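Once you scroll down, you'll see the structures, which are given as structure tokens.
In the two assemblies presented below, chain A is common to both, partnered first by chain B and then by chain C.
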Partner chain A sequence: MNVFRFELRSLSRSTFLWILVLLLLTSIYMSVYPAFASDVDTLKNLYSHLPAAARAAMGLSHIDTNTQFSFLNFYGNIFPFFMLAGSIQAMLLGVGILSREVRSKTTDFLLSKPIRRRTIFLSKYAAALTSLVVTGIAFVAMTFIGAKITGAGSFSMTTYLLITAVFSIVQLVFLSLGLLVSQLIKKIKSPASISLAVTLGLFITGTLGIALGEDKVRYLSPFKYVDFLYVIDHKAYEWQYLVAGISLFITCIVMSYLLYIRRDRRAVD
Partner chain B sequence: MNVFLKELKTRRKSLIIWSVVMIIYLYLSMLKFETFSATPAVVSELLRNFPSTLKAVFGMGGLDLTTLSGYFGVVFAYTALLVAVFAGMLGSRVLSDEESDKTSEFLYAKPIPRSKILTAKLSVVLIDIVILCAVLFAGSLALVSKFSPTSQDIHFIILLNTAALIIMLVFAALGAAASSLLRRAVTGGKIIAMLVFACFVLDSASKLTPDLDWMKYFSIFSWFDAQRILTAMNLNMYALIASSALVVIGIVVTYVFYSKKDLTT
Partner chain C sequence: MTPAIETKQLTKKYGKSRGIIDIDLQIQEGEIFGFIGPNGAGKSTTIRTLLGLLKPTSGSATLFGKDIVNEGPAAREDVGYLPSEVFYYDNMRVIDLLKYSASFYKKPKRDIEIRMHELAKLLDLDLTRKIDDLSYGNKKKVGIIQGMQHSPRLLILDEPTGGLDPLMQQTFFDLLRQENKHGVTILFSSHILSEVQKLCDRVAIIKDGRIVETQSIKSLRGHNYFRCELELAAPAKKSIFANKNISDFSVHGHNIHFIWSGDVNELTRLLAGLQLTDISLEEPELEEIFLHYYKKEG
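Here is the complex of A and B:
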């Protein structure tokens, strides 16, 4: 319990800072919505003046301006930026929470206390989870208030929550990935550089892969486990990708747990 | 000279990894170009009539993916983002690693002036950046060569690589400055990471709507925006001046503050 409390206290500042970063991000991106909505109106106007035959000739007959340009559509399209920020936070947290002891040479101090390594691992993990849960709750509140302020009107609550929950799913995967990375690499000199390289790398892989029409990429990049268009249409996730995510999540945790429990720790590295 | 050689060796592994990864990334991205160049022109004609915010939100704005230059511009924009991380981290780590490795006392007790050590370390940063850039340039040329590029395409690729080189120099200089200013040098890496991310966000947000257009002045990625480079076929003069100023300021700050810094042990 002491370890948990200590970790929670030392994480509180960074959690707070990340919530501020997210607040800034959501404010910027949600503020675009009015411009988006007015563009949609222009487009609708344009379409209503086009005869049906002309629309068909341009290949536009299947575009339904009411559903395809809704607020949720807008939200789904700006959401990757929120996910990217969230993933960086989670990955940094995962990489840092166990390796911090090595870097600040406090491993022997902590491990010589009469606490099992298992308890240490679980306490630290629980503290990290708490930090992410708090961030997640703040995030839901921010986007919801943002939607109301920018005049999104009424939208399906289920779909909105399904989309917003992806933020936390991605965070969980990256937290565990970060934990594993911190256990695989003996000495991490710069958690920031590894975290940013991994998250940006996977983000770009996902974005570019989808743009290039490569479906397999969706198993690889946590940013693409959920296709927002699919969620908007079906009010559900595509489970095969989510299962890939959950297995990655479990593998990472179990492996980092086993590595942490068994590794020989040298007092002075 | 010894410091220089030692530092060069320390950084070699990450330089090799980054070079290999960037080449693989470029290669995989270019594999798909053929499917795009086959897309009928009707689609891009259609998209031109869409309102701008709508296009930007749906990620359809900007470069024309059906042309070699347009496609390469999109791919390279992401490359610039990644190598910015490399450069910023390199710049901050050449100075901070001695502290986190607890070797500052060893190194700085040697009869070499701090300014000389600094020069040696910064030269390594410069050399590694130039090497990575050369690898990128050679890789880009080799990869586009099979799509029979015009001299216009080649010119564009040269401009993009120059832009990437400048972006890397700026982030490296800022990274070094951050490490020398902060009491705990390790935080320098975090700050640079945040800076890269902030520039990325500002750049992408500035394209969303005219109301946010002012953001482009604050992001180096917008200064060297691929689309603008493709239309103008040169690098923006103000961007070049501002970048050089940032590099000079970064280096001056590094020399002034690092020479006086109370190194933590």
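Here is the complex of A and C:
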């Protein structure tokens, strides 16, 4: 418990700062919604006044103005930016938490204490997880309140929660990815640059892949495990990508655990 | 009685660099045991293996009868460790670090805190300061308190004196002797022979990863080691230096170099008979002493 408490206290500042970052992001993005919604009204109005033949001629006959321009649709469109921020937070956390002793040269201090490495690993992991859970709860609250303030009207709660949960799912995957990276690279000089490189790299890979119509890329990029339009239509995730995410998550955790408990700690240098 | 430390053919091999091979040690409770050898001989590797920082390749070791691999945490419960260089988490006050350190042990927190304050007073260390702001010597003091505040029965000190000024070194040695009087076992590793001579009862000499000799310090006591550089006013007869205590002897004109190992008074008597223009006496490197030691033995 002492390691958990110690790590959690050390994380409190960064957790708080990340919540602030997310608050800023959600405020900015969600404040756009009223403008978007009023445009939608104009558009809807325009559509309704167009003769059916004209709509068909413009290729718009199949558009359901109610879902296509709904709040959730808007939410799904801005969500990748929240995911990106969340993934950076989680990745930084993952890279940093086990390698902390390596960077501050306190490995000797910690590992010469009467404590199992397993306990250290689990305590640190639990502390990181707690930080993310707190962030997740704050995030749900922010987006929900944001939706209410910006006049989103009524929307499907299930769909909203399914979309919002993706934030935490992506964070979990990146946390474990970060842990593994920290165990594979012996000396991490700057956790920030590695974290940014990995998250942005995967984000761009995902976006480019989809843009190029390559669906397999969705297994590669955790940002693309969930297709928000699919969630809006079906109120469910596509399980095959979720399985890919869970497998990656478990593989990273198990590998970093094994590496952490087995590694020889040579002299500090 | 269960030995405080017992190793049986303890071996640690790493990739390319040398590890330790078949280390057999038995250190009884209450001993001050010196562990001496040149840099890179395997002292730290042995200590880090005992502490569970390295996993032994083969062989076994116990601390107070508890296996270092299978019962690691229990084995380390009664150990205090002071590394040669101390590092701590950034941005912490001394007292917070020490309290965190204390939280790992089963001993009552109150007892540990009382001892913490005692030690801080003795070493003259302000516990409210930030660790980052401390000088190297003061950081070392944090290390000493951190290693001793939970009153361990075994102290493992890996080249502990680096960075301590002579006065503080004296205080530290007194502290160690006092702890030892209360039954604390001490494993003291060093590459400086005189330090070990001052403090230890028995000493193991390690070289190239192997223990080459374990002996009582008495056999080393009464021996002073000097690297002597003399500059003579006039060339002297070589026969004057035909002494069993002299080794590694060389002459360059008026300059004479040798290693002295033996009674210091005998050396002064020998030097008294010479006309000198300059003299320098230094403690030789451990390697030089060993070189001499093995030549004599061997």
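Note that in this section the second predicted complex is superposed on the first by the 268 of 269 C-alpha atoms of A that agree within 3 Å, B and C clash if a C-alpha of one lies under 4 Å from a C-alpha of the other, contacts with A are read in each partner's own complex, and residues count from 1 in each chain.
The definition used in the following text is that contacts are C-beta pairs under 8 Å (C-beta built on N, C-alpha and C of every residue); 3 or more make two chains touch, one makes a residue touch a chain.
Note that this is a predicted model, so its numbers are computed, not measured.
**Student:** Using the overlay on chain A, decide if chain B and chain C clash or can fit next to each other.
**Tutor:** Fit: chain B and chain C sit side by side once superposed on chain A.
**Student:** In the overlay, answer first, second, both or neither for which of chain B and chain C A:Phe81 touches.
**Tutor:** The answer is first: A:Phe81 touches chain B but not chain C.
**Student:** On chain A, which partner's contacts cover more residues, chain B's or chain C's?
**Tutor:** Comparing chain B with chain C, the partner touching more chain A residues is B.
**Student:** Let me test your reading of the model: by the given contact rule, A:Tyr29 touches which partner, first (chain B), second (chain C), both or neither?
**Tutor:** Once the two structures are laid over each other on A, A:Tyr29 reaches chain B alone.
**Student:** Applying the touch criterion given at the start, work out whether A:Leu111 contacts chain B, chain C, both or neither, answering first, second, both or neither.
**Tutor:** second
**Student:** Check the residue A:Arg266 against both partner chains and state whether it touches chain B (first), chain C (second), both, or neither.
**Tutor:** A:Arg266: touches chain C, not chain B.
**Student:** Output check: A:Asn2 vs chain B and chain C. Expected answer is one of first, second, both, neither. What do you get?
**Tutor:** second
**Student:** Who does A:Asp39 touch here: chain B (first), chain C (second), both, or neither?
**Tutor:** Only chain B is touched by A:Asp39; chain C is not.
**Student:** Between chain B and chain C, whom does A:Trp239 touch in the aligned arrangement: first, second, both, or neither?
**Tutor:** Touch status of A:Trp239: no partner.
**Student:** Output check: A:Leu200 vs chain B and chain C. Expected answer is one of first, second, both, neither. What do you get?
**Tutor:** First partner only, chain B.
**Student:** So if I put the vertex at the Cα centre of chain A, how wide is the angle out to the Cα centres of chain B and chain C? Nearest 10 degrees is fine.
**Tutor:** Seen from the centre of chain A, the opening angle is 80 degrees.
**Student:** Chain B to chain C: minimum CA distance in the overlay, Å?
**Tutor:** Minimum C-alpha separation, chain B to chain C, in the superposed model is 9 Å.
**Student:** For the complex, give me every residue of chain A touching chain B.
**Tutor:** The touching residues are 25, 28-29, 31-32, 35-36, 38-40, 42-43, 46, 58-60, 69, 74, 77-78, 81, 84-85, 88, 103, 189-193, 195-197, 200-201, 204, 207-208, 211-214.
**Student:** Which of the residues in chain A end up touching chain C in this complex?
**Tutor:** 2, 6, 10, 100, 104-109, 111-116, 262, 264-268
**Student:** Which part of chain C faces chain A closely enough to touch in the complex?
**Tutor:** 14, 44, 48, 51-55, 72-77, 79, 81, 83, 85, 87-90, 100-101, 103-106, 146
**Student:** Under the touch definition given earlier, write down the residues of chain B that touch chain A in their complex.
**Tutor:** 21, 25, 29, 32, 35-36, 42, 46, 49-54, 57-59, 65, 74-75, 78, 81-82, 85-86, 89, 92-93, 96-97, 100-101, 186, 189-190, 192-193, 196-197, 201, 204-205, 208-212
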